[in-house]
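In what comes next, chain A is part of two complexes: it sits with chain B in the first one and with chain C in the second one.
== the complex of A and B ==
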């Protein structure tokens, strides 16, 4: 038992390193065996392609560390940005359109938070229902089109997704910035520390006087805010937003990034560093598979298998605590 | 009550749809709809089984698509026989369920995420397969009457898939409520840890529930394939959401243990009507997604809050005190000439098993003078004659054993709170005699089950007469029953010759002690909150009638037992107090107290000080024994006379007492009084 515990502790601490090692190994293999992988252009493309995933991963990480999950993050990401574009197309000024789009995201986040914290609906159900509600409501009432294009007059914000600073695409820099802010928030602010406390042992955090309910609402609001930012970056990068992304497997990629990086789903562990590591691994993998010309559907199968393996390993490394796990905590 | 809201919702939805959609109730429309409900309902039943076991299965949408693809590919491309293709498709569904079950049941992964991943994984596999075979499937046509019958045929006017649903629902209901496999699922969902402790194979049970879900989902996929003969990339997309919504909306609980197939059907019908109706109302894309999401959130919010508020609500509504006016208390002052006058005769008791027994509610002695008692841990403890210093666990019966009696074969018959009537024979084999009686016709709560079997006695013909103190509360809630002061108790007769159990008397105020009279023609019983003893005639001219023997005891009578020279003993577990007697005449006051005040601040009946009362056949009080110092036996719930001694037990005591009786027949014992000398 003792040695099991020790080796498990080592593994937990080292999961991030193991994933990093795998990422580096894959990187080296691909560099050697795949033509064009190592080129600067491809590497920038690689990071850029997963920077959105990484940003969403940061938002997801806030909830997962607090033993929650946000399955509505992709729906908020897509629908709030799509509505912004639609409003702009309809002649609403860009700042106002952005404000309204953000308010949609914010409302979804607040409702999520209230449902989880005050109504005590399990986060999985609350956000699963919210994903469907946000998508359905936006499609029904706000955004009649499947794909919304950016209006020509919005060139003022096009730099967000399309610009470069010293040759580095701005989405990558924004990913870095959001990761840095997220890291600072989790490490150095009181609410950030409370998130860890809640994720580690909700009941203990509560009776110690942590404002658990407001903190949970805050988590959801942060995640919705980040989702909106990511949505705007995507929208400006590709000059459109495809609302079908809500029904794609993107949400699983976000979970994959977080879990693979080593943030345990049982909460209280990990940090933004894990998100970055997970993002890089997924980026390398996807990029490599694309260069190897692996069929998209097969890529999906492979990603599914990796996610399954990641969850199995996660549940072995971070077993659910029988004392703090609740009946019906599924 | 749990079903009222979903049913009301169903009626509302049907009413609205019928009002706003033309031809909604036409035969063709209904047939079409019930065909879809047939497919959908099957999946909801599978989901309900998983949810009852405490899990969730989000992979149903993809499993459905996979089964749909499998059966179509096998029938139209591989040209398999249809029956075989269907079997293969169901096997594929079972396999997906098995993988889910192995991961969640045996590897103990989190159900939600695991099945979510399976959803994407299986979906990716389906897309991969569709890329390869979809053109072939679309271009070939199935020529088969059997296939058409599955897809579009009817049985007695009802669509085939609906008939399948009803048959499956009946079977699933039967399994869940009547068979071991279903009970295990309910037990695991109700409390995983308790189920494990009770020896149920938790992991296997959980695994099985996912296999059931996989099988039913693939069955629905087969029906869908036969109906539409199409396999596309959007088959079953988002199905898991509507299925979960349906299961929740019907009133099945997340986390397991509460729910039923009936609830699943109600939910399935509501959600099918709703989504179907939205399409026919011509609402744009997104509307069904929006409504599903909203209804899901609403359903789960209600479920979560209901689970949390249920007990609060229930305790507010459930406790219903009644008016109870007791006759005046006879005096118990030491100076009075009353036979109940307090004295200190019990301070001379000898102590048996101090600290070795926890709450000996009843004590009894066998023909060989060994002493038995029923204790809180669910044991029958035996102290061996002659000095009663050696103690052993005679039998572990579980529950909370209370009243004890020996039958003609020297077997110990025992009333166990929470379990019923049990028998421990001389070889210590434990056997259940009965735990159910006839249900009363107009009772809202199910009173066929015994909650609090209390005391018993056995007549010469072997029939067991036993009391159930209250049908409304369990043993640990006896004080709430005291607060009600309502006739919740009853007397039940078990006949070992026929195995029949019948309730013979109802509406008793906490039916407690039972004792067959010396002449075997009547049974005496105590009503604790009524402070009275009564006689129920088993034989003679008054057969079947009740007459009150002692109407005004100064305390709360517990067990009654025979004494020598034709007398009886009754234990008073506590004495009446003026305040409590007054409160019993004020039901509104007690109701307010139950609602407004925390349970540990309620007015309690006094069960701290009691006594033993000796009386004769006519109900005349001969004597009473008290412990004034309160050191040894202040509270007494049972006593047995045996060879000139009286043995005393108490439900809160940690000892058994024994006191010599100078006036008693020194040869008299209970077993000989009942069953004569042993050959």
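== the complex of A and C ==
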């Protein structure tokens, strides 16, 4: 009790600042002590991976603020982009391939939303199932390869992931743009306010007359759309898409970015700013560990510990409410 | 002939601070063996804090507790229980998935636990208390009243010397209340001491031997129950006389408002076995009070009308708004047509606790069809907040204050404001003053009257008779899922209304 009181007083308003401070400290330490961290090549890698993580974090944030979660976001990210590349390789025109890829992502998002909102399956289970379904279906029926490369004819869209504007990599600009749009959406539009209302108290939002079910579908569609964008940015940046990423720890990194930044899993709290600071910290940490040649398994240990610590701190700062918590929600 | 009484329990100069804010200041309190002692006070007066200290749930910041002459300190509720102090909670603390018997013996099971033996023992215990509860039933299948019986039985089984009841009657029907009071009498004869917290003053007057009144964390007065009247209690509670303001409006003081056009008619509405073939009409420009005991289907009927009830359970019937049939599947459709429901469960489904007063009210606005477009407007939000907090006299530090930090009465006002911005034509108040402090009750009652004067169709659902009698221009009585009687204020008295509700 004492502990909770103290940490609450210290952190409740400042979690964002604390995380930002740690990120900056870490960045400075790595720059000084790690050879090659500050090099142009590495910074480019850093920025690119941070951008992808951050963009996916924005999509995840829409769900988490509404007291949901999207475990299928990485599967949609990888498989929709992989299918787009595969179609392009098979001779489908680039615009059509992109459209079909997006339709795959959209379908997954809509089904997620319908399952959660209308069938009333807890988001955790609906999206867990969807992650497996999207990966399995795409590998079985759409994309026979593990790694799909970008066709030579697709250089027209290579700028998305690989281009620069005034020396700034386009992925980070896209992250900034999506973050800005996401922020504006959450703060200044009615659907955005409804997402907070649903995350705070679903029953109250429903009784107030908020369109709760359409809003949940909208959340899932937005998340899937953002996943597709992130997928295309990755694909054009590294000229390929590795479908194995679905089975990697990436989904935990995305959740980590959101929770660490200070968006409570109990819903209704936080915003895009939290995603940005969370992204910075995790991006810098992961990149530093890779340069230090920390074993992949040990990296997972560290990541797991940070995720658990972030969730524990979250549950101290934003305790779950017995009254409004629903069985099975995250 | 007075025997000097040594108190069973004594609290000396007990104080409690929460983060520097004093919730209790230097309270002296004593409890005699075999007495029923009511603790009364407005919300936030410190009643709950006092009993939490007694039941070991929170430690006092200062002061001493003496039990049977010896000083005691409780490290937790378990230790208080070992000292013979048991608490019967408002929200019950039973395990829903276990049976009644298993709950009664929870934590006390023998190593080789024979279920049959437990059932037989539990049956005997329940019978000795005259509780009609099946020990093999799971707790989740029981209603609130029976759950409370199980809690009481558990306290009795643990041979508690002191049993604390926190708002025991809030969810009971009058029949069940009667049973509870009989039981309290029996416990008193067995020399068990009882602390009784309630908002219902009549009950406190009826059942208790002594009464202690708290106000703003201070001890105001303790005395024999016989020395108090409803009026003196209220005066001590609020420091002024409010009874008249609250319930003084007798039928002869103000003529009942006349009905204008018929807004709603309900024909043969049914849902599971909670609402059974009920029919009634509601008119604009007057307050229709629906009285009924808990479980009589009032809330469920209201929830069907306002689209809140899930459709899966709907069994048929006809709801007509202005003569055309409507069947709302979601509250959104109802809100769109100007039918709003103000819930009895503020925290569970009323307000948004992470949001400010202004944001809460604004959610009501943007959920209705009052505001077209997709963008939100800070200016509209502020303007709404300013005008409505003023209109309803919401006392918050500022409109950025979070709703969770307000008192029950102010929270209720915010929930009401959130519905009123939707410009309803029919507004249903479900237990509008439950858990609301006395001062705010008067204001909410005035508001309800003003809404009817403005031509709205107003329904007030309440299980508190004086509230129904003083507010309504027309009284419907609900029993077993059906409206069984309609009374005008002239013919309605406590007796006639209660008679219709029970028999």
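Here is the rule we use: the second predicted complex is superposed on the first by the 307 of 330 C-alpha atoms of A that agree within 3 Å, B and C clash if a C-alpha of one lies under 4 Å from a C-alpha of the other, contacts with A are read in each partner's own complex, and residues count from 1 in each chain.
Operating definition for what follows: a contact is a pair of C-beta atoms (placed from the backbone, for glycine too) under 8 Å apart; a residue touches a chain by one contact, two chains touch by 3 or more.
Keep in mind the model is a prediction, meaning the values are calculated, not measured.
Student: Looking at the superposed three-chain arrangement on chain A, would you call chain B and chain C a clash or a fit?
Tutor: Here the two partners, once superposed via chain A, clash with each other.
Student: Between chain B and chain C, point out the one touching more chain A residues.
Tutor: Ranking chain B and chain C by residues of chain A touched puts B first.
Student: After the superposition on A, what does A:188 contact: first (chain B), second (chain C), both or neither?
Tutor: In the superposition, A:188 contacts chain C only.
Student: Which of the two partners, first being chain B and second being chain C, lies in contact with A:134: first, second, both, or neither?
Tutor: A:134 sits against chain B, while chain C stays out of touch.
Student: Scan A:197 for contacts with chain B and chain C and give back first, second, both or neither.
Tutor: second
Student: Touch check for A:93: first (chain B), second (chain C), both, or neither?
Tutor: It touches nothing on chain B or chain C.
Student: Scan A:206 for contacts with chain B and chain C and give back first, second, both or neither.
Tutor: Touch partner of A:206: chain C, not chain B.
Student: In the overlaid three-chain picture, which partner chain does A:155 touch, first (chain B) or second (chain C), both, or neither?
Tutor: So A:155 meets neither chain B nor chain C here.
Student: Looking at A:25 after the superposition, I want to know if it touches chain B, chain C, both of them or none. Which is it: first, second, both, neither?
Tutor: In the superposition, A:25 touches no partner, neither chain B nor chain C.
Student: In the overlay, answer first, second, both or neither for which of chain B and chain C A:268 touches.
Tutor: second
Student: Tell me which stretch of chain B runs into chain C once the two are superposed: 26-34, 206-214, 386-394 or 566-574.
Tutor: After superposing on chain A, the clashing stretch of chain B is 386-394.
Student: List the residues of chain A that touch chain B in one complex and chain C in the other.
Tutor: none
Student: In the complex formed with chain A, which residues of chain C make contact?
Tutor: Of all residues in chain C, those touching chain A are 19, 306, 308, 330-332, 334-336, 340-341, 343, 347-355, 359, 362-364, 366-368, 371, 373-376, 418-419, 422.
Student: Mind pulling up the chain B residues that touch chain A in the complex?
Tutor: Of all residues in chain B, those touching chain A are 54-56, 103, 107-114, 116-118, 120-121, 123-125, 127-128, 131, 191-192, 237-238, 241, 244, 253-256, 283-294, 296-297, 300-301, 304-305, 308.
Student: Report the residues of chain A in contact with chain B in the complex, numbered from low to high.
Tutor: For chain A paired with chain B, touching residues are 69, 115, 119-122, 124-126, 128-141, 144, 247, 249, 252, 255, 265, 295, 297-298, 300-301, 303-305, 307-308, 311-312, 315-316, 319-320, 327-330.
Student: Residue numbers of chain A touching chain C in their complex, please.
Tutor: Within the complex, chain A contacts chain C at residues 5, 187-194, 196-197, 200-201, 203-213, 268-269, 321, 323-324.
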